[in-house]
Amino acid sequence: MYTHLTNLRVRYAETDQMDIVYYGNYAQYFEVGRAEAIRALGFTYKKMEEMGIRMPVVKLEVNFLRPAHYDENITIKTILRELPDKHEIRFEHEVFNERNKLLTTGAVTLFFIDTQTNKRSRMPADMLAALSTYF
Amino acid sequence: MYTHLTNLRVRYAETDQMDIVYYGNYAQYFEVGRAEAIRALGFTYKKMEEMGIRMPVVKLEVNFLRPAHYDENITIKTILRELPDKHEIRFEHEVFNERNKLLTTGAVTLFFIDTQTNKRSRMPADMLAALSTYF
Amino acid sequence: MYTHLTNLRVRYAETDQMDIVYYGNYAQYFEVGRAEAIRALGFTYKKMEEMGIRMPVVKLEVNFLRPAHYDENITIKTILRELPDKHEIRFEHEVFNERNKLLTTGAVTLFFIDTQTNKRSRMPADMLAALSTYF
Amino acid sequence: MYTHLTNLRVRYAETDQMDIVYYGNYAQYFEVGRAEAIRALGFTYKKMEEMGIRMPVVKLEVNFLRPAHYDENITIKTILRELPDKHEIRFEHEVFNERNKLLTTGAVTLFFIDTQTNKRSRMPADMLAALSTYF
């Protein structure tokens, strides 16, 4: 299992008139979580796109347990439970506030797509090698 | 069953560098869908907040089948399969493009919360009466 | 002078915890205003990009007089005071609420850029011809 | 003069199909810049709202010189040229990319508003005292 933690501070723009983070903005928080989880492996999603692989999202699930508020420094936990062996990868996420209360759980499933052929592809070999040490 | 259709045009702001609508923006599309579905019943979510009931989202699910693109006039179908009899309501959504291709399916579950007491509440009686005719 | 009016309804997502539309979201409202102003001429910005001309924004100005609120059906007025004769075009905007109160004024300046050469270009001839009848 | 630097990484969500950061998203970057500039003085905007002062934006200006791209670690410079002596404060901003190229300049003018009376107010005394040492 590979897990990674990253932090970000809630922006005013991300709140709504219910005085909490708008539910749709967790998709961005999860994006930051998985981008930083990949970066910590010595890769970046940006580099993957430059190599000709893009990763469209095919499924998003979010469970809202407690709200996040403006200016809170939240922690996004990104968890990879299984080493992907095909064209699909599933990141699980947990969001915590500063008092370590669990605010949100969720998951994002993405495909590896070859930008040239537009066909399903796989995780780049280098990234797979780096990840394999965790499984 | 109560179903409602509404349309909106994809904004440039809603696309990302994959030349498609960013996955997190469907939360806004679903919001528009359920707001218009409620308005078509003779209510508005705004009025509900003024009456002291707010509806935080507790669960979001989205399945991405095909991408939506800039300037497409998409249709958001909002489906209420069951008349809520408690503090919870679940809207299902389907998003179609102009050629009637199904792009996205999903669901949003919300609670009715009394703003004063911060406790679980129920759908306002008038809205329930209007909805009941569909079930 | 060419003027065009379009309407949109404020989304919950666009509000912030000050119970008003977040200031950055007017850029999207102005985008909708100028996209619809171009569409009303028989063109679309989408078509322009397909023809090989893109229009990056070079300047944005917004003055906030009164706030816009959730669910308000606002009117975006788009004004073209001068027929562009070079690589630059400036749209002025005014945003009104349902009681016709002026909420916001602003302007967006964009360049016409040839996507192939990445050099400054001009408004497509057909669009210029359609616009000329207003000046 | 008081100046402050902060960094943030461009999110995928913030790009558009022109492969650059959407022009409206700089309002959020400026928000982050001024929030961190205030935090560095020993204050937070959050605390100010809790004290009963909110700061609506009355004017936004942005000049786009060069685009920002996905995953770039940009620097937001926040400059306060004058110590506000009334109800108004003007933050100037400059955005730089990793190679220290100036991407964007701009300014945000805000009012100090007393939340109870809804009247114009002033900068809290403690914040003014902290700022005064820079002027």
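By written order: A, B, C and D. Residues from 1 in each chain.
The criterion applied here is as follows: a residue touches a chain if its C-beta (ideal position, glycine included) is under 8 Å from a C-beta of that chain, and two chains touch if they have at least 3 such contacts.
Everything quoted here is computed from the prediction, not taken from an experiment.
Counted by C-beta pairs in contact, the busier of C-D and B-D is C-D.
Taking each chain's centre as the mean of its C-alpha atoms, the one that lies farthest from the centre of chain D is B. The distance from the centre of chain C to the centre of chain D, with each centre set as the mean of the Cα atoms, comes to 24 Å. Between the CA-based centres of chain A and chain D the separation comes to 27 Å, rounded to the whole angstrom. Separating the centre of chain B from that of chain D, both taken as means of CA atoms, is a distance of 34 Å.
Residues of chain B in contact with two or more other chains: 12-13, 20, 22, 24, 27-28, 31, 70.
Listed in rising order, the residues of chain D touching chain C in the complex are 18, 20, 22-28, 31, 54, 56-64, 67, 108.
Within the complex formed with chain D, the residues of chain A that make contact are 9, 11-13, 27-28, 31-32, 35, 44-46, 70-71. Considering their complex, residues 12-13, 15-17, 19-20, 22, 24, 70 of chain A touch chain C.
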